[in-house]
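Have a look at the structure below, then the notes.
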């Protein structure tokens, strides 16, 4: 959490590439005495999309915090922007979805407890009871909601209700070994971060370490992506790899992979909470 | 090329895992005064396969070079080994297959010229005329053999003939953009090294950098493998990756990828010529 | 912890390189019906040192577990070996030394709790009170022992006493920001694992992320090594690196570095507890 | 070389961080109908330095190419900028300095011949005669200028004269194993790119692979930097690393290292010729 006088405003925007975009945004900030802390932009020349992230201090900014959005709207409308304004003193609320494996949950909660992640974790949701003691160790509520293909729709409605009660901003599937249904996906579009334990698009689906072992690859990976209707096909946020050899058994791959999974998932969550990711098409721009 | 008195014998073997294997091989070497330079072994517990590489100096070895194979044969037969004996003063002869892209060819020939690779390159085969000047710059013969799906079988028969005339030991497909036919594959089993410009099994087939760009991956790769009847499915010898971002265009991926391709291909060729690779099932053990 | 009938014996040995070494060890195992699970060796040609690790099942081994050492001793003596025999069902006892930073402690204790590390953590020692709540969350005793350069010798004597009471096998300095004195070093030779937050030998000493930032490096690292009398000069067990850029502040380096530190330290601890490391001279062989 | 109608102007600038910088530059481009192709900026909050790179098409730009500098000058003066304007159809002229090792020279010349590098290589300078045949193979002039500590000053004066005759823009020390003297350094400030075969600042000076072997590191590296008066202390442009193990001899380190050296050096040269590097203090910003 930033100190009060270091709070920043963050503008994430995307639109069709046009002349004058950068000039208009930078002029808006300059005219109102904005002290820019971070600015990055990207143009996708193929799809002719322009994407930008600007972060500036609100302390000396001429427009009061609650009026910034309204003041910027005319510019956004002129260029047809998709945009989002946020502030660095807001702490997003995360629901953690887990099954039986604890390493990603351990790692995220440790980061949270150490203040490394700007996020609150009020709630853990699971289709298994196994990780309830861990949730309690960190003082979190644990919703045990077993799911079958028949019960998915009704259970997810209950989950969504709970998420709304808790004012959850986004979901993290920390090795949650269940398909996420349509209702949940539509309730949190581009707001469900999943970790897949392979270097996507290699080894989509079940048991990727077994698949990697069978194929005899010399490098394995992990991928954090936004969940979409198609399994393991959503926009990729972060990936990491590690070298393996014939000496590594499936268990060794899983052991080495766990270290990738937790680091990659945490990096993706951190990028998301710091408003550094824009999704466009089936890709992301991660302004790191 | 090693100095005469530093010549080594190299034994590569594989068989069903059994007790006494290591003891028998090491006893054979010890009894005949073998000075072991390198020894490595691997047991695949799932397939119950044992694989070993031993390298020893022949200078003081009690068995003359030309009788080693015969002396070892009884041990090999007792354990049902698949095995190969070679000597470090033999220079394997390589045929380089290329199309239009020169970077892998440049790199391999530079290594050859600097004495980095223990291999001879008498011959370049291509389905395009483009790289003939480069072959000539390095003093190599260039066989221009255009291939269509109709002419493949007959052209490959001509190629095989040329390869036999040149006593070619193995083939390197250095960005050779043509399918290799059955006759050639069967003439050189596990002796055709291909470089595929992706992190296999991701992005099999054509235009992998375009596929990677479309998918929005954050890391790209290159894979050297033995060519088999199924496209891009053969045993993997070496892989390498490099980080990319939204800032990279398809051309940037190709540019970064070329550096991977040449390094990975050269590493695979080097492992092959130094007799460090054993293929078993659809995998390799690379004793590096 | 392995199931009773899967317990293995592990032999780690080193000696001057001589003919017959591999033959003698493998013959010893073969004669007594040893089923080898893992075997790896290394010869340092410059220092003429031979190093070996062999692991075999004790279930069907002809020599009872408690007599293996005595049976092997004659071979060890004949070759002048330094050696160590251990069993996979022994759980080494670790004392964790920490100061204020919690990430390595969190990570090691999470691994311990998940059963990823074959080690017991009865005791945390610290020169600061900060991490006592974390120790208690995991149910560990916490020895708060502030150290000044004057009090070091006397405090370390107290620590050594406590370590002996707890039958500690080895020490892990998990971002312990204090110099370790001679008494402690001599009580645990090659048994104190430290994590240094740089790619050693770059940035020895204090504030390596600041040093890295000042120097403008494009990659940072972390190094796990055995502590010795010379600061940051001990034998390196494991290293890892990550790419950084001009966009990264010192805080970003520290944030990225923490992920390296915890992964590298855990890897080193894991190699150590699985008896996969041999120290010779100022180096290690890590049989991974 | 870009096609005529795709030529771009590139502006590299740095100055004290001030409000209105981005607004002024983007307004300048927008007012004159500049189509921005690439824009990136960086603020060093500690040193309060602002650095920017902008690239735009000159085809439809309202200011004729030869007047752009004059038109921009008032803005530069207002903010006290250090700046440089260049055009993408200019091909910088490089002098390659080599000694005996050929791999970097081979690699750079191959890239040049394939059109991968936007640079001309009219001249090779060496303190050894060894690589003359290679220079001739690629059709380059070769200046054999042996240097001793006594003759350095006089020889370098002759070199500088030759470099001026050839209108050399910058120098690449491609494993040139000689100290570069003050005259040369001052004639080409931040225009001499050196490759050092270690992960700087580790292993400064002579025989870094031997030093790395002695220290027992688990990763080695290579560093491309601008040469300055202090040996191996100049601003780092690019670095790369590769994993090694106890199995690697000094020769193996050198072999693996050569692949790093050539890739890292080529990347640095490419960044330099595409005007993507700004030096400030003893660091670089590489806008990749």
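Think of it as A, B, C and D in the order they're written, each chain with its own count starting at 1.
One rule holds in what follows: a contact is a pair of C-beta atoms (placed from the backbone, for glycine too) under 8 Å apart; a residue touches a chain by one contact, two chains touch by 3 or more.
Here the structure is a predicted model, which means the values were calculated and not measured.
Farthest from chain A by Cα centre, which chain is it? Let me know.
Most distant chain from chain A: B.
If I rank B-C and C-D by number of C-beta contact pairs, which comes first?
Pair with the higher count of C-beta contacts: C-D.
Quick one: report the Å distance separating chain C from chain D, using the average Cα coordinate of each chain.
Centre separation, chain C to chain D: 42 Å.
Any idea how many Å lie between the Cα centroids of chain B and chain C?
Computed from C-alpha means, the inter-chain centre distance equals 37 Å.
Which chain A residues reach two or more other chains?
Answer for chain A, listing residues that touch two or more other chains: 45, 247.
Residues of chain D touching chain A in their complex?
19-20, 22-23, 26-27, 29-30, 33-41, 43, 45, 243
Taking the touch rule as given, give the residues of chain B at its contact with chain D in the complex, in rising order.
Touch residues, chain B against chain D: 102-103, 106-107, 110, 113-114, 116, 137, 247, 255, 258-259, 263, 266, 288.
Residue numbers of chain A touching chain B in their complex, please.
Those residues of chain A that touch chain B are 42, 44-46, 199-203, 215-219, 221, 235-236, 238-241, 245-247, 249, 281-286.
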